[in-house]
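Pasting the structures in now, so scroll down.
Below, chain A partners chain B and then partners chain C, in two separate complexes.
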Partner chain A sequence: MTAAAPAGSPAGPSGSAPGDGGGPAPDGSADERLVHRSLPARLMRRPELGAVVGAIALFVFFSLVADSFLRASSLSTVLYFSSTIGIMAVPVALLMIGGEFDLSTGVMVTSSALVSSMFSYQMTANTWVGVGVSLLVTLAIGFFNGFMLTRTKLPSFIITLGTFLMLTGLNLGMTKLISGTVTTKSISDMEGFDSARAVFASTLTLGGVDVQITVVWWLALIVLATWILLRTRAGNWIFAVGGGVDAARAVGVPVGRTKIGLYMGVALAAWISGQHLLFNYDTVQSGEGVGNELIYIAAAVIGGCLLTGGYGSAVGAAVGAFIFGMANKGIVYAQWNPDWFKFFLGAMLLLATLLNAWIRKRAEVTR
Partner chain B sequence: MSDGSDEKAGAAGDDRAQPLVELAEVSKFYGNIRALQDVSLQVHTGEITCVLGDNGAGKSTLIKIVSGLHQHDAGAFRIQGEDVRLGSPREALDRGIATVYQDLAVVPLMPVWRNFFLGSEPVKGRGPLRRMDVDEMRRTTHSALLRMGIDLRDVDQPIGTLSGGERQSVAIARAVHFGAKVLVLDEPTAALGVKQSGVVLKYVAAARDAGLGVVLITHNPHHAYLVGDRFVLLKRGSMAAAYEKSGLELEELVRQMAGGSELEELSHELGR
Partner chain C sequence: MATVQRSRRSRASVRATGAVVAAVLAAVAALAGCSSTGGKRAEEARDQAASGKANVTTPRWKIAMVTHSGDGDTYWDIVQSGAKQAAAKDNIEFLYSHDKEAGRQAQLVQAAIDKKVDGLIVTLAKPSAMKNVVRKAVKKGIPVVTINSGQEVSSAYGALTHIGQDEQTAGEAVGKELNRRGREKAVCLLHEQGNVGHEQRCDGIRKTFDGKVEDLYVDGTNMPGVQSSVEAKLQSDKKVDTVVTLGAPFAATAVQAKQDAGSKAEIDTFDLNSKVATGLKDGSIGFAVDQQPYLQGYQSVDLLWLYRYNADMLGGGKPVLTGPQILTKKDAGKLEEFTKRGTR
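Right, the complex of A and B next:
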């Protein structure tokens, strides 16, 4: 079994665990045949490398062309916008590593906000009750997605496209039915609003810099997702169901439960986003959110997630979201026409994906 | 020497040890298609039972029943004398039956150590800090593979970068490590070259020597004859023959496997 392992097999390591990229062999397995890998070679094996390079390039670029970009207030705005995408992109990345899509995420955020707002208003209940009900409803939507997927064995593209359309209709229809308009009523004078706002939509001041609380939520989700992915059994299962579902099933991995759990994780993030939306603006537009699902997926892909599953990282998706944030706000600070934003993003998605593919190839060769 | 007469004799002489796994006249139907009919076989500790057959002979159906993916429709399936109907691969694993499939033994993108423990990861810590014991997993993977004679350079490499034979061997080592009593191997040498096949057969023998009962599915009589103790020949869903190693010549096995009289006919047709 000492024959040289042939290269040319699929991409790099599934994880980005510290040491997954292994320097000199891990403890207890020092081996003279294992050539010491240089730091760049080890970095090359990490899924988020392409995104990090892109983010640095973009940061330098906007620092040069937009004078106001480096101001603390501008960076705070960039971080805030990045966090609103990143909160969703991180669990979406986990789902994609698990080999599935979710097209219903954008409108699910809106649904979550609508449920919370309308329940509190109609029942004249404490807003926290609405927030709680919203959590249950949103998790139920996530469960529905996962359950339908594992039961029907249809592609997740179809299932969640169905959920997306249904939710889009429900959002509009129910809001009109209940509120009479396409916008929910203001709940700012209701009990519990202020404390809920403090949790979901407040601004912290750290060292003279304003930081939106969504940034804290975002960072917490990154840490949680990375922990789950790299250090828990569930993380091992996520990589496995995405990278080889039959092999995973054959060794006893609970494939169905893992996938349902992933969809519910996405739903949990949608709930956080939705509550932010509600408590930040007080009212909710029922038609909002359409199209955002693709932005989340794009951020995850820029961050190094394979569309086919089994490979990627939570940190990468977060960096992908940061790239979105920089591009979106940087264009404004550079005083360009923001109409070009989407074109810019599309080009960047292509570039990032090509870069990621190229890096993975190089990483295989230099191994 | 055909049509199960031999097998009946084997079943009668059951006073030796109780078989680990026993199929007695098991049948399986897919709708109105008879995939398997009245197939019997025994797997004993420290022995290799080879199941031979051409494509479509029912080998994979047999595997699926033993590994818990499908249930049999008739006959008896006994594990250590107890009648069972396995509902899932997990249940089969819990009863000590580990199956290594030809193509889907491992998840290619994952490192060797993650693959090795997939589905049975050791954990430490409690509550929210419950986590995989990563160091332990790396160490154990290396030493368990070494014990089977597999010397891997780096347990962190994606298992997809190993050769086909190495992947099979890792999967076998995994089954042995997790205390499987019965190892079911689905065409482990089918896609491999001569040398790689030899390597895999060596690990199959190592698993047998470790005291496991092995079911080796193959269509290569030469490989089967090298390691097998019992042989069951399937043809179009039913048992064409059953042999024990003693009193069986390789030529006879090859001839049976190659289609027996059909082959003679073919050689006449092709003869010039």
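Right, the complex of A and C next:
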């Protein structure tokens, strides 16, 4: 565990950024928090460094092999796809720093979209009412995950695997029961649709380049998550519960509340993604989203989160999502044989993660 | 001390959560929410789906349908609604089960045999895995009809007939239609890697189409992923003037991708749903090739009823084709209505 320092001072002044890691306390020497470090040395210790280097490498690589990759419109496409993953990867990274998993994220996005769509349709209500109800329902699912985890003390893997399976079934069963088919009915002709679409699924033109609004949501979430992690008491708690639950509890960190909060944060992002899904495509397929949860986790890990918790950053997860987006679309831009698509994708992800791990190790040696 | 503090904190958090919930509820109430357009009310106004009441005096026979459908597949939903409609009219107890894995699908067929059904409808997406169990059913005297896939092996396995569309033929029909429309380079959008039927569709297009066909694999469970991949393809290859999607839900997504990529490519699709019907109407989708899933469900049940009642078999045991049917703008009007109620 590399971030032991915050666990020792969970409620202390938040000036010392927990993202800097801290590391094991040196024996006998002066307080390590007071040691001045040069900028390169400080940079080398950021958890997202490996991901940033990997992203740059991948970017240069695809710029060379795919001539259409560097165009502004192409980059906007890559950013759009990255943002749809990144919106979820950022809170998932926070959760993983807090030491827990969530396997229900992929289908939770679909659930959120389904609730919103079906509530508006069945009640013939303004679509914003559906959006609000969906927010409550999705947050409730997140609360359920966190509550079950803290009450039962079972591993989050099992709890959220259960939620994942239940939601997959509920998505299908409820949609079939209510709509009569496996797809929701179109709500594009209902009141409030256009304004909701503007918020969740519109396209902005910045300097002649079309940028999807999901990119804005993504950036906002990165800023919010980074602020929480590095500048608030809750951020210290997150690092503390991920670094060592017992130690954290011993110094008075509200472990249960922190974890429930993290799950609800994931649910909030699932709600944003779900509304995007709904208002972008106007109907929702109830079977969608299965498998995406692993992509979110992968993005967070590529971005420097440890699977064991206590270490990582929101920016890193965002960069991880960007790496995934570049690899995924770069293969299309490079016009490679599609039969091998998944293989290239896997190999590229593995390479990015290895590079990431190698750089982190070097950074720890030079410390 | 610690417990006191914790309880005070949790009480505070409960209060905070309560406040948030109340605020959201208030916001929802403030919107006072009714929509004067669309929604359930509009549907009820136009709802005219056929009602179900038995019209025959034959005993209540039990017919099972076992398909290779995955969870939540729109297509199989329509097959089912056709089958249910026929079952209602023919006084039949209709049992439906599905599994996309061939081994488990075979087990489901075995379960139907164990239930002593009076008729069996199966799909043969992976024929060799289904061979034994279908033969077993035939040996037990259960009349079997195959639907959708497995036309080549249907009669060899002892099925009475096959109802469906040959995927290759459907692809060939698309290729010819693309020629007629003067297209030059098409992308075949596969949303499920390793699906034999999908490969056959693209191969069919390749066979009759005079232009070039390229395959593009996407992950069908991730819509933004599908959209951005199509966008990427259209941006990287400006010669592409046609995108053929293999499933109806992906057609509308491809239309969106095309608009975002600023491409002039035509979007065509296999299968049908209400958004495709709307797309045909407003011209954003060129044509759809339909295999009439409702008919596959309806006919298979009805044929088994006829067989039990009168030993009839349509086509004398030769495959009965339900497609390919090419649908264009001129068909769009009534299709829109039928797709909305989930029967086309």
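The rule is simple: the second predicted complex is superposed on the first by the 316 of 367 C-alpha atoms of A that agree within 3 Å, B and C clash if a C-alpha of one lies under 4 Å from a C-alpha of the other, contacts with A are read in each partner's own complex, and residues count from 1 in each chain.
Criterion: a contact is a pair of C-beta atoms (placed from the backbone, for glycine too) under 8 Å apart; a residue touches a chain by one contact, two chains touch by 3 or more.
Everything quoted here is computed from the prediction, not taken from an experiment.
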item: First (chain B), second (chain C), both or neither touched by A:G310; value: first
item: Residue contacts with chain A in the superposition, chain B compared against chain C; value: C
item: Partner chain in contact with A:V253 - chain B first, chain C second, else both or neither; value: first
item: Chain B versus chain C as contact partner of A:S111, first or second or both or neither; value: neither
item: Contacts of A:S156 with chain B and chain C, given as first, second, both or neither; value: neither
item: Which of chain B and chain C A:T232 touches, first, second, both or neither; value: first
item: Chain B versus chain C as contact partner of A:G244, first or second or both or neither; value: first
item: Which superposed partner A:T184 touches (first chain B, second chain C, both, neither); value: neither
item: Partner chain(s) touched by A:N145 [first = chain B, second = chain C, both, neither]; value: neither
item: Chain B and chain C contact sites that coincide on chain A, given as residue numbers; value: 252
item: Of all residues in chain C, those that touch chain A in their complex; value: 2, 5-6, 9-10, 13, 21, 24-25, 27-28, 31-43, 70-74, 77-78, 190, 193, 214-217, 219, 221-225, 227-229, 231-233, 235-237, 249, 252-253, 256, 260-262, 273-275, 278, 340, 342
item: Residues of chain A touching chain B in the complex; value: 1-3, 5-7, 9-15, 17, 19-22, 25-29, 31, 33-34, 227, 231-233, 235-237, 239-240, 243-244, 246-253, 310-311, 364, 367
item: Residues on chain B engaged by chain A in the complex (per definition of touch); value: 67, 89-90, 93, 99, 101, 104-111, 114, 117-121, 123, 130-132, 134-135, 138-139, 142-143, 149-158, 160-163, 166, 169, 199
item: Interfacial residue positions of chain A with respect to chain C in the complex; value: 66, 68-69, 71, 73-74, 77-78, 80-81, 84, 120-129, 132-133, 135-136, 168, 171-172, 175-176, 180-183, 185-192, 203, 210, 214, 252, 254, 257, 276-277, 280-283, 285-292, 325, 328-329, 332-335, 338-339, 341-342
